[in-house]
Amino acid sequence: MSRSGSSTVRVRYAETDQMGIAWHGEYLAWFEVGRTDLLRGCGCTYRELEAQGLRLPVIEVQARFLRPALYDDVLEILTRLGSLGGARVSFEYAVHRPGTEGPLATGSTSHAAVDLEGRPRRIPDELRRRLA
Amino acid sequence: MSRSGSSTVRVRYAETDQMGIAWHGEYLAWFEVGRTDLLRGCGCTYRELEAQGLRLPVIEVQARFLRPALYDDVLEILTRLGSLGGARVSFEYAVHRPGTEGPLATGSTSHAAVDLEGRPRRIPDELRRRLA
Amino acid sequence: MSRSGSSTVRVRYAETDQMGIAWHGEYLAWFEVGRTDLLRGCGCTYRELEAQGLRLPVIEVQARFLRPALYDDVLEILTRLGSLGGARVSFEYAVHRPGTEGPLATGSTSHAAVDLEGRPRRIPDELRRRLA
Amino acid sequence: MSRSGSSTVRVRYAETDQMGIAWHGEYLAWFEVGRTDLLRGCGCTYRELEAQGLRLPVIEVQARFLRPALYDDVLEILTRLGSLGGARVSFEYAVHRPGTEGPLATGSTSHAAVDLEGRPRRIPDELRRRLA
């Protein structure tokens, strides 16, 4: 599996906490930006997938925070496909700050494919083809 | 109009910013807690109103920030009905910290009554009776 | 006063609420992006201002929400200086979605200039010159 | 290690996303509420620890989302000490909704003990005694 993408975010003031760094929970929103962009790069937006009745709720998340991100930092989020099963998909992330060696954070999310009522459904073949 | 209610929140670490105070945007979430509780106190939850096809999106907000709120502070949100029109309703808020004289913040929100497709609709009579 | 700037944000999934639109409080974070970029365009970053001991906490905010913003929408935030006093400054905002006539939202924020201990201080002349 | 605590949160409208459920990242803020309360129950607040120059930034987080939480749900967060090392501490969480069998989510966070400059420091003996 080699699908990957790159996204850029700039740390917002609202995203900092009183430790003077980006609050760790914000990375989950950035990961979301990363997989939104990865899907877009595959030619299918998550917005369209939802309009077609597919949802990919997060069922598991893991993240390691190695170096703090600061207000106004420009960050690069590298996203790649982890695994792709019948009704599951996972993504892996690395958050980098240009000029800083090594990632600020790494993480992964696993997703269940469900319909609008939350019932498991198979990931559509077209999405599978585009991701693989 | 005299409907009013009181809610309590404790400032979360995630809600602080690098100024060392609660980020000003969090007050909008607290105002939301305030009006959710006011409606509950009137015997009708916003959750039920949505289930019945009514939504009350915010169309205007105003807030003044007079004194900072700090991490772990316990805050009291006083909410009262402002005005109640055919398809409009507004609420007023004051955020207090027990032991501190004067509010930390005051504000107001105005809401349009719409259906699930976003079309204007009249505020149901029962809600009107309960609020007034 | 004619200082103005333009910023771009894309609505994140995390920023939506169950009404299916961007939660109204997120606009305050976007306004913050707008004034951060406006200051950068003036040649002085807010990050540097804080490092020099100046803070500009929000003391008042006002916003009107005219049309909903949706997940994955690309938004343009137009920011311009409102007023500039001795220890006060205000900014005005309009959030546009290319292709949609009229702003999705408009707003303003007022800020007090304070030092790191929260005491009022005069806006430095250099910042004043750059903003005016 | 048997230190544990219980916290209550009610899901805010701002915390929902357009899937109609609480956004998964909010659980990290609730976990934070859980450990803030656990520390308080041990007789030492995190606020005081920071005032004494100790910080406990999150260096790793893991969470599993088993059942969705909905707007206005009252949730119980059960927090317990995981491990306690020289300069590391971890907590484990389970989020329950009274009336629903099994947790909505489980998770854990690991923390490094650092001083105000971000340098590793030993967890103070008093905190260690209270936690153990």
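Some observations on this one:
Note that the chains take the letters A, B, C and D in the order they are written out, and that residue 1 is the start of every chain.
Basically, contacts are C-beta pairs under 8 Å (C-beta built on N, C-alpha and C of every residue); 3 or more make two chains touch, one makes a residue touch a chain.
Every value quoted in this text rests on a predicted model; they were computed, and no experiment measured them.
Think of chain C turning onto chain D: fitted on CA atoms, that turn is 180 degrees, to the nearest 5.
Greatest Cα centroid separation from chain B: this falls to A. Taking each chain's centre as the average of its CA atoms, chain C and chain D sit 32 Å apart. Centroids of chain B and chain D (each the mean of its C-alpha atoms) stand 27 Å apart. We define each chain's centre as the mean of its Cα atoms; on that basis chain B and chain C are separated by 23 Å. For chain D, residues touching at least two other chains, in rising order: 13-14, 18-19, 21, 25, 28-29, 71. Against chain B, in their complex, chain C makes its touches with residues 18-19, 21, 24-26, 28-29, 50, 55, 57-66, 68, 118. Chain C meets chain A in the complex at residues 10, 12-15, 28-29, 32-33, 36, 45-47, 70-72. Remark: chain B residues 13-14, 16-21, 23, 25, 71 touch chain A in the complex.
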